[in-house]
Each structure stands twice: as structure tokens, then as C-alpha cells.
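Next come two complexes, and both contain chain A; in the first it sits with chain B, in the second with chain C.
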Partner chain A sequence: MESLSLNLALYSPEIILSITLGFVLIVQMISQSRLFTFLTALVGLMVSAGATLAIKSFSPQFFFANQLSHDPFSLFFKLFFIIATFFTFLFSYRSYEIDEERGAEFYLLTLAVTIGMCTLVASINLLTLYLSLELVSIVSYALAGFRKEHPASNEAAIKYLLYGAFASGTMLWGLSLLYGFTGSLNIYSINATLSTASLNPLALYSMVLMVLFGFGFKITSVPFHMWAPDVYHGAPTPTAAFFTVAPKAAGFAIFIRFFYSVFANNSGLPDQWITLPHVDWAFLMAILSAVTMTLGNLSALWQKNAKRMLAYSSIAHAGYMLMGFIVLSKEGLVSILFYLVVYFFMNFGAFFVVGLLANKTKNEDISGFKGLGWTSPLVAFSMAVFLFSLTGIPPFAGFIGKVYLFSALVQKEIYWLLVVAILNTVISLYYYTYIVREMFLVKPVNSDKALVLSPLHVFTLILLVIPTFIFGLYWEPLFKYVSNSLQFIVIP
Partner chain B sequence: MTYLGFIREHLLTWIVFLPVVGMAVVLFLPKEKAGLIRWTSAFFTLLSFLASLELCWAFDRSEAGLQFVEKMAWIPTFNIHYYVGCDGLSITMILLTTLLSFLCIFASWSIKEGVKGYFLMFLLLEAGMLGVFVSLDFFLFYVFWELMLLPMYFLIGIWGGPKKEYAAIKFFLYTLFGSVLMLVVMLAFYFYSEPHTFDLLELARPQILKIKDLNIFGIALTIVEFRRVLFILLFIGFAIKVPIFPFHTWLPLAHVEAPTPVSVILAGVLLKMGAYGLLRISFPILPQETYWFSYALALLGLVNIIYGAFCAMAQITLPQDRGGNDWKKLIAYSSINHMGYVLLGMAVFTTEGINGAVFQMFNHGLTTAMLFLLVGVVYDRVHHRKLDGFGGLGVQVPIYTGLVALASFASLGLPGLSSFISEALVFLGSFKVYPSITILATLGIVINAAFFLWALQKIFLGPLNAQYKNLAEVNFRELFTLVPLSVLILFFGVYPMPVLNLMKATLDRLLTLLQAA
Partner chain C sequence: MMFAVDLRHYLVLSAILFVLGIIGILSRKNSVGILMGIELVMNSAGINFVAFSKYVAADLSGQIFALFIFVIAASEVVIALAIILRIYQNKTTVDIEDIKDLKC
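Entry: the complex of A and B
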């Protein structure tokens, strides 16, 4: 049957990831070698990335009985997740938090999350959507508690589990209400019914809020963010880096797909949307965006632990990205996607340096950065690049990302949010430079030794720094790619 | 000869990016070879300076528009160009920047720690500053404008004085705040212009900005009000850099804590950027708003003049524990005073006023740079800057005394020295328009004279402080940095036409544009 093979072909990245997952276990059992397991995981990811690129040639379509959608939007995110996972594995290599003999477990869990995310971004059916979201969540709980011996890690896992269960329960309720009102699980049919039938605005609003709970939890938007600092802090650093980037991006992806397909309609102009009548969720999200970035930044100001500080900063960045979400235009969505890419490099990079340092000091206190600029200039320089980029200072990529987000707001003349955002940028400079200050302005104590880096670590670091630079100076190709990836509405 | 032709065609690019090439070279030098690093940096700043002399030589003085223009698409989807050029306004600033940077390399000889990092940052700073002065694309301008902040933060923060960390972060926060306001205006200009553009010349064409009424939370802004809001936002961005009165508090701190060469660059070049930005961006693009704001600008200029002068005076009258008695701080506050003349000259829209203002920017760069260098000379020897901690040095170090006297006299506007001309021009221009403000502003000159003379008296006259019996005279390296500045100050004091000719045509055209508004 040709259609089955076509369906399987379109699903090949996930299938390859599943096979890799199995192979990782087998290789670990047979070879007992960490290196081989590691290489197996990396090769699997590369093949999967290749498959993602290869299936680009198929025209956009629905597959697996209209459960999943094959479109540039989902392919973009699949590639994003695979690359993020790849870097997470590079990061985890020789990390003090991942035990030598439990490497395979770590790869297995992370790959399972990746499969979940890849399916999630493609789903257009409430059932698939919920299942894949749960796959991401449940495995994430296990990953957060990966350091069994460490109390903070256990706390993270249990907190994540409780919050997560509550969030997905609420969301499930919202989804079932949607189903009840419209009688359909397909997001496009739901949208069709919602836009024609006149529903009680209160009922509609409560559905939006309940669904928002689930997605807001994933992207760590205030007020659903409480779990994030503890979880990011308690989880092993490679996982924390992974959490702040990949599931957050997955959250944004499905958030965009769901809200723009279900609760919004094309406004008649190309690439412009309007919300459903009576449900001005865009304004609600604008307020959440302002609150999220402000709260994230203000909380980050007081942190003494680098991982916790970056956790709060990642909440603030979710707030920034929401700015692109509320403008209801293609420019806004493109700016989110663009920001996610640069955010990946800079945020992951910052976590990576924290992890490298923690391998030596066995904790993540900011005081551990003292004099790093004098003992290990390369690492400190990279960290400074990541932090300045997170602040949004040219010539680094973070600046360009912010410019696109801001310009989406200017275009729609939402100046109040813009003012909040620029004040936040200034606040954030203070705590980002706090680490820079410790690294460069404070002289090292005589006993401080340079960090010992393996060539793989140096290589990874450079792989992260260079894009942070390049996309700050020449981002035209990336922007074009991202712009072309924003085609997710396929009329059935 | 084709090589020379190639260089000539891209002269501005060479000027801006030669320091970057220098950075790349220094990066690969071993960090133990301090001497080699210094001379390499000196070599590349010299090249940049020579290129700017060539620019000056080839510059057509009768042409009011832009010359040496280079334009290349950078990000076509956002309509951003690598677009540089220079006119009479920017060429003086380019010359000042390359000259001071070159001299400051030699004033940096006393930096002993982290030499490599220091010179890397210094070269980056020079490239950033030059980039600001040549950019004609707002986006490019913004990138260079921000690019300067990073090296400046490190230069103050790592190699600065006792309160360096606080000074560095304060400088950074203040200027970033100003920049993000500018960013908002930049994006607004882009989206309101038809067709969307960052090109500063395009934006300056009348009718290109199609600004609409705006309604924010029930506050209705008409077109006129909205344009004024944009002007004010942009103005604050530049005012922080100038600095204009309520935004000035970062300046004394940063100037005092920074190492000598960095203070020189701060006072000599960075302060000019605010005024340059106003003249390059605010004035041509929003002329009606400039006209509307001009009285306030003149008043702010007056406040700067009087306030700066009194603060500088307080350095003499207040004891150290109340924040006084610091020679470097005195000069820092006198900069606030001098930038007041620039503002006053810009606010009146007369030929004398605006020429005086830009010439004052140039002169202030020379005199204040020289004063900071001189403070650095004595600080390197005695490691303090207390005004009442010296006494009678005139006998011990006569050459040094002569140089300080020259710089101080120039700074207080003694006839025959360059600042006199520019201040006189400013007053001539402003008296016609705002006589009362001008009369009050001349009070600033009197206070200016008072504190400079008082400081000279405290340091150099009277009986020699026994501690300094063996104080060494300025050495050859220091003279090398000081003599060119003194010569220029004397020369332009007698014959200012070379500089005035450079900028006249451009400023006249700007003035016509403003008077039409």
C-alpha cells in the first residue's frame, strides 16, 4: 500500500529516533563502553536530521489519518529539537552529574523526550496532541530526577510531577470541553465550528484559559512558571539546558499552531489573524508577557546560583518571545522562531559554561566564576558573549532577535509593551554583567587553576559561540529559512 | 598604484576597520610580549590616523553633501545597508578620534596588567567610535553605537581606579537605557517611513515619515504630539551621552575611575557622540520638533554651563571626604560645562552658533584630552590627585607647569587659544536669539576661569611641597602625546580656518533645513 509507505516516510525522523533509542541500549549492553554508546546516539541523531531534511521535498500534507501534519513549520521544529538533543549529548559527555554507567539511561530518556516533541509539533488532532505532550512531560519528570543521590534533583522531579500533572489535567479538561462543544478532535474542524456557531463567551473563555494552563506550563509563562526555577536548578546541568530550550520551543510551537488554528481566524489580509469574537486572548497574553519578563528579570537579580539565575532569565525570555505571539501577524511569529534559534545558541551556551565550571567546582555558585577571565580566557570570553547576547547587545545574535520582536510590536503600535520590554532589557543587563564582573573585574586568587577542557568541550563551545556571532552580523539566510518555515496552516 | 586606488575608493572602510585588523593581529601575539603588542597597536592606530589625514586632504570643502560614500546591501529583507560616508560634520570628529586614539596608545604605556586584553579592547573601542561617525544607515549607526559600550565597560571595569566596578556598571546601565530608547525610535522611523528604510538621508527628506495618530490606553496622541514624543525619546538617548544635566551623574564617576587614556577617549570623543547624534539624526529628520524644542535645549545648555562650573568649583572648596579635592573630577565637571556651550550653540540656529558648537566639540576634544593626559602624568608619579596635596610644583617641573597652564588657559577660553574662538562664536550666535540666556551663560566663563586659576595656584604656586623635591619632569613619551595637542590648540587659536572651512558648507545646509521648519 503506497500510502502506508508514504506515511512511514513522513514519520521517518521519529522512527529513526526510536530505533536509535533501542540501539543505544543494545550497544551499551554489548560493548559496556561509554564512548560507543555516545557515538551511537550521535549517529542516530545525525541520520534523523538527515531524514528531516530529506522529507522536505514532499509537499505539505496530512498523514496518519489526519493525525499529523507534514509542513515546513513542523520540519523546522523537528530539526531544532534534533540539534538541541545533539548538543545536549555533547554537553553530557564527561559531565560530573551524569554517572559513567548511567549514560545509556540518560540518552534513552532524552531521546524519548525528543520523539515526543517531534510528534507534538506535527499534531493537529487533540488526541495525538495530548498523548505526545504527555510523552514529553512524563519522561521529563524522570530526567529532572536523574541525580538520584541529590536531594535537589529529587525535589525537582516531584515538584515537576505535581505541577505537571495538575497542568495537563486542567488542559485535558479544556480539550474535552472543546470536543464536547464542537464534536470534533481535529483542530481545523473545531475552528470551523467555533467560528460559525455562537457559543457562550464565558464557556469559550474558560476553554481558552484551561488550554492555556497546559501550554503556559510548558513555556514557563507567569503564572504557570513556579516549577521552573526549582526544576532547572535541581536537574543535571545538561538536562537543565535542554529543558530551557527544547521543551520550551515545543511548547511555543504547539501553542502557536493551536491558538492560531483554533482560536483565531485569518483576518482577510495575508498573514494577519484576528482572534475569535469575544475572546481577546491576544490582550491577555500581552499582559502575561509583560508580567512574565518583569517577574523573571526581577527574580534573577537576587540569585547567587548561576543555574538558578539562568532559570529565571529563561522565564524572562519566554516573556520576550510572547511579544511575538500577541501581534497576530506573520512578522510576529517569524520573530518568535528566529528568537528561538538564537536563544538556543546563547542560552545553551551559557548553561554549557556553567556546566563546565561545575565539573570543576562541583557547584554552580556565581562566586565560582571569580577570576575566570584571567585563568581561562576562552571559556570566560565565550560566557561573556553568551551573556551579552542574552542581554541583547549588538553585535551578537540576541540583539537581532530582540530587534525582530520589537519591530513586530512597533508595526502593530503596541508601545506600552515595548516600553516594558526595553526597561526589562536594562534590568537584565545588571545581573548578566554580574557574572561578567566576577569573571573579568575580579582578579583570581593565586591558587586558582585554569579549567581543564577536553577537545570535545572546546569544540562544542566553539560550535555555540560562532553562531552567536555570525547571526549577529549576518542573519539573512537564517531569517529567510525561518520565514519560509512559517507555513503551518494547510486547509484540508 | 591600483592598490592605492583601491584604498582611496574605500577610504572610510579602511579607517574604521584598520583597528579591527590590528585587533586580529594582536590577538595572535603572545601575551608576554607587551612591547610588541603596544607597538603593533600603535602601528595600526597610526595607519588609521594617516588614512584620515588622506581623507582630510582629499575632502572637497565646498561640497555640502556626503563624500566618500560606500553603500552595500547588508540584510536585504530588512533593508539594512552598509552605508558610510562623511561630510563636514563627521570629518572633524573622525580626525579627532584617530588622532586621540593614536596618542592614547602612548599614554597607555603605564598599563602593566593584562596588556593584551587592554589593547584589544582599545582597538575595538576605536573602531566602534569611528563607525558611529561614518554610518549613514541608522541600523549600522546603532550597532556601532552599542559596540562601543562593551570595550568601554571592560576598560573602566578592569583597569580603572578604586570604585571601578560601580563606575563601569553605572556607565553601562545609563548608556544602555539611552540606547534602547533610541532603538524604539529607530524602529518607529523604519515602519513609518514609506518605503521602509533605515537610510538617514532618505529619512531626512520631507514627507517621507508618514506618522499617524496614535491611541495608547485612551491617551490620544495627534501626529504632532507623537512626533514630539519620538523626538524626546531620541533626545534622551543622546542626552545621556552628552551628558545633559539630569542625566549626567555617570560622567564624573566614569571619568575619575577610568585609566588616563580611557578618560581621554571618554571626554575627547564619547561625549561628542551625543551632540553628533543630535546634529546627524534628530535635527535633519525631525526639524519642526527641533525648532519646538530649541528653547528648552538652550536652557538645558545654560544649566549645563552653570551647574558644571559650580560643581567643578566645588572640587576646590569641598574637602575630600565630601567628594571634593580631586583634580580629575574638576576636569570632568568642566566637561559638563563645556558641553553646555555646544548645546547653546546648537539651539540657536544661526551660522555662528552652529559653527561655534561643532568647533567647540573639536576644541573640547583637544583641550580636555590634554588636561586628562597631564593629570595622568602626575598621577603616575605620585599616585594621588588631591588638589591641595601638591604645592609649588612650578619650580620643580617647569615644562610640565607650562603645559598645564596652556591647557587650562585654553579650557577657560583665553584669547589666542582655540576654545576662545569657538566660545566666542557660540556667544555671538546665541546673543542674537536669546540675549538673557547668553548673558547668564557668560557667568559660566567667569567661574570657569576662577576654578582653573585657583587650581593652578594650589598646585604650582607657593612654596614647594618637600615631598616632591625629586619629582621627575615629563619624559619624552609623555611629551610626544602632549606636544601635538598643544601645537594644535595654539594653531587653531590663531588661525581656525582650516577646521571651520571643513565643516562650513555642511552646517550651512543643515541650518537652511532647520530655518525652513
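Entry: the complex of A and C
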């Protein structure tokens, strides 16, 4: 009995999210009020975040029969997902793409994805990993097709589904091979068998590649990225913003946990890892990282639609974050986590402004930004901050994130990738500053009116802008928090 | 003459199903056809799990995994058919070649 209540306590953030999910429906049914439903969802998220902070005092341990792991790493990501969902709900309020009467459905689906992601980052068993990954994916397909009447949204959903199901099917085959070679579903036992038994390198490589298929799909790395521009373009803007941040972070989290626990071993030095003998996936990933950022940035240059441009830019950012993944040291992983937090604020902010603009113009063309700096200075100024931060220009948070990623590379002396990354930053300057130029250097047409903002929108915008500034000037506390979060328990 | 079925036969069967599934995904133009290819891929992994559970692992975890794969495959089909139905209502086609509005 003692252990059951302990297990339930450690799982409480997800349990509270599930209860919220039910309550959202009930409140919508009884009150028929959009506002009450919205508040119920927000309160549920806040309570869940509180629970995540409260269970921090329990020592790191495995629970639910070694299916899930309670450690600072998973707690960090749970908090991240809950905050990301919170902002998504603020974003969705009064968005023209989410119908008034279907608000409850939107909250329900998004909360289900959040539960999946929270379980995913804690899972240390192939079965739990696969189930939570599918919970994230399958509900995401429905979210991408949320605007049922719109062919664009339908197309986003079917493309997401076909690519996603293919990727997860292939990953499943890789997982079945891992199970077959090691006879266990626990990732630590798998690692123990893989590092002692001398396996055929070809078999090992095929397993690494098949598993990479599933994870690479989630983090939109080349060559598994083809779905991303279409899905982010066709999905409702709040959902697209959510997709570029939360499931991508979940992908990175499970990517780190899985590859560093299964296909790598501690090298003897503290906080340094080495890959399994004969499988140099770090080099493979370095090439993928270089190709991902280059392709993302080059494709973004030609886009006329702001959402599609940001989609390609988010592919490029996945490439930057992969740089921290290949150095096999704690510095690299810390820089990924740090960058994910910074990336959340700036990328979500950029999508938020696109969404605000789309509420007026009903489309997301870049030409809609013309003269925004003259009609709505606050919105245009925030957009400029987000875009400069995404480029990595000094006083903003994106710069610090890039500095940490680059310094991790320098420590391992991988200079060729560093050069590629710096060249890419220069390329990205063009398309980010193009929007800034449209906003401030082009005079508005006389008929243009200022954007109509509700107080909630202004509040959300300021909540997103301030961290983008603060973490560019005073990032020490965040960095400390992130470094302390990088502990997953290793001994089974 | 005795003919014993061992692990190798199961693996060959699942490999054939896997490849057929991939071929189906890559060659079909009909989205329901692609979906059937995906089902083949998932269920071939299920065969792998059951076979490995019987011949390699000491426990039943692989067979439990196979049960979960059926459930996941079923729910994926439910979502997929709902989306495909929507597409058919909006565009009166389920051909993947005709669904390409999102281009820049």
C-alpha cells in the first residue's frame, strides 16, 4: 500500500492533467461558457505545475515497476511542457481559427498530448516509451486537422499521419530488434547486454538507424523533416506554435535519454560519454545536424508565408540543437536544454505575433507585415525582438543559447561543424530581418488599421518578450537550474 | 519427416511483411492503400516481438507488447479514417496526389 501511494504521488502531475481533461468537458457542458472552460484548463495546468514542483523533494527513483523514472531530467521537461501548454491556451483564446463552441475539444486534445509528453520523458521501458510516443503522435494528428472544413488543415493532418505512422512503424521494428538481441525491454538492461555482447556492427547500425527514424521524425531532422512545413502551415496557428516547441522538446528529451542510456556508455571521466564500439552514431548525427540547419535555412529564404518560413526556421533550429547532442559531454546536453528554453520563448513569441496578425488579415502572408511598425508599434517591436533573438544577435537570449552550443563544439574541437553553423546564422539573418524591414521601413497603406488586442493578448506578449530580454542579459539562474536538471539515474 | 518451425522462420516472415509494407507505402497513391502498408509494417514488428518473446527472452513482455501494438494500430486507423473521410467530403478524392494545396 505504501508503495502504491508513493507511485501515485510521483505520477501526480499527469493524474492532475487527466482530471483536468475530464473537467474541461464537464464545465463546458454545464456552463456553456468559453471563459469558464478556459479558466478550468488554466487552473488545472497551474495545479499540475505545482505538483511537479512539489514532488521534487522525493529522491530520484524508478516507479511503477521500473516503467518510469523520477529524476531531475524528467521533472525539468514536465514543467517545460506544462508551461508550453499554458501559453498555447493563452494563444488559442479568441484565435479566429479555434471556433468558440469547440474550445473544449481543443483543450482536451492539447492536454492529452501534454500527458503523453510528460510520460514520454520519464519512460525507461520500451513499451512505455512506445505507448506514450503514440499518445503524443496520434492526438497530434487530430490537432493538426482541427479545422475540419478547411482543405489545408485536412491536408496537414493526413500528411502528418502518413509520415508519422510510417516513422513510428519503422521505429517499432527497430525496437523489436533491440528486444530480440537483448531479451529485455528495460533500456538499462539493453545497454548492459549491448556493451558486453559483441554484436555484428551491421545489426547494431540498422537498429540505431531504425530508432533514429522515429526520433528524427519528432525533432524534424533531415531526412525526416518533409512533413514539418506542410503540417505547421496547415495546422491552426496556436497548434503549429505548440508543435514547433513542445513535441520537439519531447523528441529531444527522449532522444537524449535513449541514445545516452542505450547506445553510449560513461567513458570513465565524469560527465563524458563514449558511443558503443563499432557504432559511431555521433559522427552520423554531426552530418545530419549540418544538413538539417543548411537545408532549413536555405528553404526558408524563399517563403512567402510567415508560418511556413517559421516552420523551416524551426527545422534549422533543430539542426543547431543537434550540435549539442553530438559532443557526448554534459556541456553539450546542458546547452541543448538551455537552448530549448530560450527557443520556446522566441519561437512561440514569433508564432504568437503571426497569429495575432492572422486574426485580422485571415492569412499569414509576409506581405501582411507591411507597415506594422507604424500601426501597431508594440506588436512590431516584440516581433523584432523575437526575430533578432532567433537570429542570435547579442543582447537577446538566442545569442547566449548559441554561444553555449558553439562553446560545447569548441571544447571537442569539431571546427568544421562550427563553421557550417556560423555560415547558417549569417544566411538566417536575411529572412529574419526581411520581416523587420517590412514592418518598419515600409510605410503602411492609409486604410491599414491597428491590430485589435485584448488585454490578455498584450499580457501574453509581454510574458514572452520579457524572458527573451532577461535571459540575454542575466542567464545565470536559468543556466544553474538547467545544469542541475541534467541527471538521469543510471544504475538500474 | 519432421519440419520444426524455429525463430528463423518467424523472422523471415516478418521481414517479408515489413518489406511488403514499405513497398505498399511507397507505391500506393490511395491514402487508404498507404494506411494498409503502415498496418503491415506495424504488425510485422508485432510478429517479431512474439517470436523473440518465445525463443529469446525469458518473460512474456514481448507478447504483451504485441497486444499493445494491436491497440495502437486500431486507434491510428480510427483517426486516419476520420481524416480521410473529411478529405473526401471536402475534395471528393482520397488520392494523395490530388491533395497538394500547401505549396509555396
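Quick notes on this structure:
In the analysis below, the second predicted complex is superposed on the first by the 490 of 492 C-alpha atoms of A that agree within 3 Å, B and C clash if a C-alpha of one lies under 4 Å from a C-alpha of the other, contacts with A are read in each partner's own complex, and residues count from 1 in each chain.
Just so we're on the same page, contacts are C-beta pairs under 8 Å (C-beta built on N, C-alpha and C of every residue); 3 or more make two chains touch, one makes a residue touch a chain.
Please read all numbers here as calculations on a predicted model, not as lab measurements.
In the superposed model, A:360 makes contact with neither chain B nor chain C.
Contacts of A:330 after superposition on the shared chain: neither chain B nor chain C is touched. In the superposition on chain A, A:476 makes contact with chain B only, while chain C stays out of contact range. In the superposition on chain A, contact is made by A:426 with chain B only, not with chain C. Once the two complexes are overlaid on the shared chain, A:179 sits against chain C while remaining clear of chain B. For chain A, the partner touching the most residues, choosing from chain B and chain C, is C.
Judged by the touch definition given at the top, the superposed model places A:415 against chain B, while chain C stays out of reach. Per the touch definition, chain A reaches chain B in the complex via residues 374, 377, 388, 393-395, 399, 403, 406-407, 410-411, 413, 415-416, 418-419, 422, 425-426, 429-430, 433, 437, 440-441, 474-476, 479-480, 483. Chain C makes touch with chain A in their complex at residues 18, 21, 25, 31, 34-35, 38, 41-42, 44-45, 48-49, 51-53, 56-58, 61-62, 64-65, 68-69, 72, 75-76, 79-80, 82-84, 86-87, 90-91, 96, 99-102, 104. Of all the residues in chain A, the ones that touch chain C in their complex are 126-127, 130-131, 134, 138, 141-142, 145, 148-152, 154-159, 161-162, 165-166, 169-170, 172-173, 175-177, 179-180, 183-185, 229-230, 233-234, 302-305, 308. Within the complex, the chain B residues that touch chain A are 74-78, 114, 117, 142-143, 146-147, 149-150, 153-154, 157-158, 164-165, 168-169, 172-173, 176-177, 180-181, 183-184, 187-188, 190-191, 214, 216-217.
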